[in-house]
């Protein structure tokens, strides 16, 4: 199964995820739920649900959490031939919903199997056969070899004429803004699609407002610049046209994963040949689904689910 | 205990109900809560809590879920001599809260014990001794014998001068609109009280707006026509007078059961000799309680609870 | 460890607390969560989290719930040398969230170990070494000896020049308004800080509006009068100046504990030498934290948490 | 429904029961399961499952736990018209499985509604219409009025020629051996059936071994003396004949309730006209079922279940 | 992905499985765990864990339970291109552990998607490319089309020289012994490997003891006859040699799945070229793992786990 | 509170502990329980329960798991002034009960705060004021600075005439036998009390059987050599006399923690001035308690609990 599925290929670290069922300080939680999470694989699951094949490349440890990562992604229909690295544990991430509005994350990923990704793990055939390669700003922060793997994958994609998508995804727990800026800037130069929050965009370009941020990123090369603005929606520059799309109003249960869902919507629209407005609409709706369900990706919609957000909230299908 | 309690008699199918504790796709729920549900028995429980005796007639399988149905209804004070049918399993229903606003239901009731209800299960003495017979549009959709049982019960009630109440309760999973329309129309003809949503009313009468729907239904015979409009409240035509009552504003946790609660409020008011406005107020408040608690009927109020909705939300009784 | 920690000393009853994980009638809850609660120890925990040492004096039974009370308070950093009373069980309290907005409480504290507090349990050295003694209107309602203990503690504090704080905390399940009024009035006379809701204030003074209530209480002696008005915020009279502070807008999960948190914020501000406005701001923020988490005190903020309420709700710290 | 069902009538206190799902010190249990328990109602449920109608008389508070008691017993098919006493709370009992073999119980029943049972609550018609009246040594320990109620019920039964059954059920938390002895002895004098452990029997008669204990009790009047010996089975003197029956070997999950189950088996056999050996066999099997399931009565068998203990443990019915 | 993986191909129905976390009557379980189960897919998962590729063919409904079945099997590494049948729901199965030793199963599979399997769903290429085709006596009991599918698959296998394995797996809830006997006998004639309990073997051959049963089955054609005898181990006739293997002594938590595990062990040994004794040892050990964990297949061992049963029970790997 | 409590002082790493409620592969656990664990603090809790003050020295991260460690130990009565290290996370440990008899542990402690313990964290006054210093072979395996801290503590103790206790506690996940041997041997030389399993003892001395192992260790200096032999009990050489004590027969739920409990029993006996036989009996009983409860230390007995193991398993205290 090393032959790449057409569609989206992504690479990165997927970890075991633990989160308490209730809001409040983590130390008072008697039990934690167990699942998996990773920005790249979240996006891959989202794409599969929206009808686009997706492949995830990465490393897991030879342990139960590694087996959980692989089983979960395969179960969700993501193609994966994860490298099992017997020399390091699968990374772990603990989410705390300190209040209904404030989420905090604790990482146990330093030295993890996932952080030991290296260029040799990158499958050129998988990338060459894809429509889109998606990478994030998390992976280059994990280790030198992981950074090299990202650049190697990007070069493979560019050589093969595969669209390169980049989510800046800055994680302050992994590296400083000073370290991240130049690396992300290099990646933006090589990307066709860039996703970022305003704060993340500012790591790469200096600009007074959101329109200027979009213009600044676009000036570095990407044809698709998508600025994610949370409850305010998004501002995108696509082929030199600006699109401002408001967010959908839904009850927010867990904000984590909204950005990955947004990316999954946009990229799956790209793979399916939708126009810019339809892609943005799909991205916005997918993002709305992500936040209404606890868990990073569990709430992502299938194509059949998309219309649910338009329904009368009191209607019950039976 | 076959002697009918005075008050409300109802008949139909009550099933085991499974639902996940959290919002999200059902497939990601590691556990499901176990309870029971059925439109008719939901209403019966509601009536008992509001001080009116209620009797439920129906069939259950000779299995643990059947014993759960009987134990739960008896425990809630509903009189029941459920027929135990060894030839079929108790029906089962699975509720999914796909998002905080979209509920979906999966049925395992085809061929169930409950669907095998037949006219012989109808206890004429129980009906003749009651103030109100309540039936729904679900039961006639279950099987030919169940449909015959509903019509038999209605005839018993009419013969004995007992008020006939009908909730249209259209279930698209059980029959098509084309099948349902004529049957429901026949039942409306025979009913004194009719409860319906706008969509359901349109299965029976063709009308441009809610006032016309109420008028159209009333023209078929019923003296009490109650149009349930969810968050918009209700529009009722009672003895040729129109009443528009807004819904009460409460946080919606689970919309299922609101209609049954509304009916329980109205019919219990009728049994207790309240005036039309008081009946509608009771119906509206009972409906509000139903949606604030997970489970179809667990949140229904006792008479003592009714004032809770008027309290200062920060007050704590202790 | 009988030497008093500097900071706040308080005395009262702390009970085992049981509460259902979900909203709805208690009888339908298959499981209850187990914790501890008590107005005075809630405040003590809150003070410790805000950087001020706190000592709790009280009695527990020689049973598992008593050991839970002691372990929990010590674990939270509250100094305690709880008296273990082999002659009575630890009190118990069951909380029911009947609807998302209506909380009810059931007590099993009559004859409890906590209610057998007596003046001999009051540690003069602990009080003399403190900056503030905090008592509530609950303890004098528990028993004659508990009432005597409260007055004895207050006298110790006054003799030692320690600030006396009183939360009226009227509990109708423990005594009538007629019984409570004179006792609370006597305590107000002896207090420097008084916390009360409007209804509680009216047990002591008769006044047409909130300003008059504050003035009325202040006229009895206290230099700090804090009127807690729930969603409306608070009105305080401090050193003859009125301060009206709006509440912070947060999603309310469990209103119980907000008052204790407010007190913890105010008194810890006092101990830390903050000005009146800062004290009130701290009180208001602490109160907001308390209501967003189930449990009476679990959600109380540390100094580091305080800024979380100001953050972008979609931001995730990682 | 005050008309007595034929079969068994019993009276006593039924409480809310809380127990942790796992073995270990109670203080470490994050959640407790919620149910109901009471020696007399446990036996009533057992009798109903074995095909014999049962009626339970008692008091509950006007609170959620009282409603839980009533709903549970009615749900299990026990006839009850529990007196709702607004002046006292429903009793509460907390079970701790300290180790897999050592169970401890904590009571919150002092002053409870159930302990306020009085002779006026005893329904003479219910007793006169029954085959057996069953009382325990717990009820007379609760209060003077409860003791009077037990003796009143026994007199009613004797006057009406109804068999009187007594389970000594000594509870050291409620009264001392010195207090209990004379009262239990008086009850034994009036009883036809006596159930006891060896320790309990010694409160009434002084005897060197189990045979002498049986003989000693029988000498006081009862025709059926049943000595429960736990893992050793039972020794019974019935109509002057001794029967020694070994216990059934089953994995013990929760020993509480075994005695009540044994009584339910024996008395239901009596009502159904079985011979002494069959009654004892039924008692022994019912006791074995009780201990294999957590909860005091939940595991009690129906007539259809009885053969399960004889099956191949690996067989699965499907 | 329709290309068959080498190894084992199987076909049948896989259902959603619900089971209570604790022992006791199902009606008292407040929650049920959610998973999937099916004799054939249990075996497929077991084979994959033991290093042998496995493919499962079957139908699921277009519903959440169907998606759960597919996700679970794929997640466990089983290759599947399950047919999604929009016309019927995914089957459902509820397991009750009535006592620690007596398990009962309730089916909701009549008319299910899985039962609508038909010969067109059988993928000849998948079978021809496999080493073993495994079928059970459950599938032919589901429907005429399912029976035809089994026979079609068996014919494909025989034509392609693929080993045919059959587990008799008699389910009395699906058909009578009289209906099952002739069908199973026909299948035995066509099989190379037959797995059966003694009771199941008697549906096909009449014999006085286990040796005669093995001989009788072998006389019908199969070279491998494996008689599963639960706690007594197994008796097998392989290439005319008898092997008696005792069971491994382990604490039994859930007996369901032991037979499927035994089959997975034997068939994976066959695929991996092990000798008869090693195959039986693997089968026995896999069966022992299955019963020590709740769930039908979750406890199945990987090759690395196999040695765990030989370890010192007190040893902890860390 | 830096003044040492008399009794036992220990130092090491205490981690957050996650474990699944049920037996089976970790990847199938939907939730994990959250607690804390560490060999040294397990022993400290055990000592406190047995009436001997204990102080734990160590480092935790400035995160919720660190706050959980501190709160838990303080709550259990252990004196601690844990160093909060903002530069590293609190260590984490995940326990898997793969089968009822095989436990596996996964560590996330590399680079943890706890592993950064250094000699500066050792409080000489705390050690000098204690009766016993207890260290384990785990701490020197964590880092160079942690090893130095252990040796520094041991030197402080020896200088102050404080008894030095050492549990070899070899962890193969942390260092090889080759690395561990010489370090442990150096510690044995400096210890008065040595606890070890047979395998651990062989890392230090070469001997053919248990008697020789005890003799070999004793020859290195310690006056108390305690060889823990699991289900076989223990063999001890104390002041040149051999003691063989059988284990107590109890149902084993979780073997982890038995060794720490054994140590707690022995050392607390030492502090309380018990004779050798009594110390060993206390150690044996404490070990038996540890294994009957899930969790590493939660089941440890108080002095009052000790007699529970001698009771009739069917007796219920109430």
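Lettered A, B, C, D, E and F in written order, each chain numbered from 1.
One rule holds in what follows: a residue touches a chain if its C-beta (ideal position, glycine included) is under 8 Å from a C-beta of that chain, and two chains touch if they have at least 3 such contacts.
No experiment lies behind these values; they were computed from the predicted model shown.
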Open item on the list: With a step meaning a move to a chain it touches, how many steps does the shortest path from chain C to chain E take?
Closed with: 1
Open item on the list: Give me the set of chains touching chain B intersected with the set touching chain C.
Closed with: A, D, E, F
- [ ] Any chance you could check whether B-E or B-F wins on number of contacting C-beta pairs?
- [x] B-E
Task: Same or different contact residues where chain B meets its copy chain A, judged by the half mark - done: different
TODO: Could you tell me which of C-E, B-C or C-D has an interface matching A-C, in the sense that over half of the contact pairs are shared by residue number?
DONE: B-C
TODO: Report the inter-chain centroid distance for chain D and chain F in whole angstrom, where each centroid is the mean of the CA atoms.
DONE: 45
Open item on the list: Rounded to a whole Å, what is the gap between the Cα centroids of chain C and chain F?
Closed with: 39
- [ ] Enumerate the residues of chain C that touch no fewer than two other chains.
- [x] 21, 25, 30-31, 71, 107
TODO: If every chain is a node and every touching pair an edge, decide which shape results: line, ring, star, complete or other.
DONE: complete
- [ ] Note which residues of chain E are touching chain A in the complex, please.
- [x] 70-72, 74-77
Task: Parts of chain B lying in touch with chain E, wherever the complex brings them together - done: 18, 21, 25-27, 29-34, 63-65, 67-68, 71, 89, 92, 94, 96, 106-108, 110-111
Task: Contacting residues of chain A [partner chain B, same complex] - done: 21, 250-251, 253, 289, 292-295, 298-299, 305, 308-309, 311-318
Open item on the list: Using the touch definition from the top, list the residues of chain D that touch chain F in their complex.
Closed with: 22-25, 28, 98-105, 107, 171-173, 230-231, 252, 255-256, 258
Open item on the list: Residue numbers of chain C touching chain E in their complex, please.
Closed with: 30-31
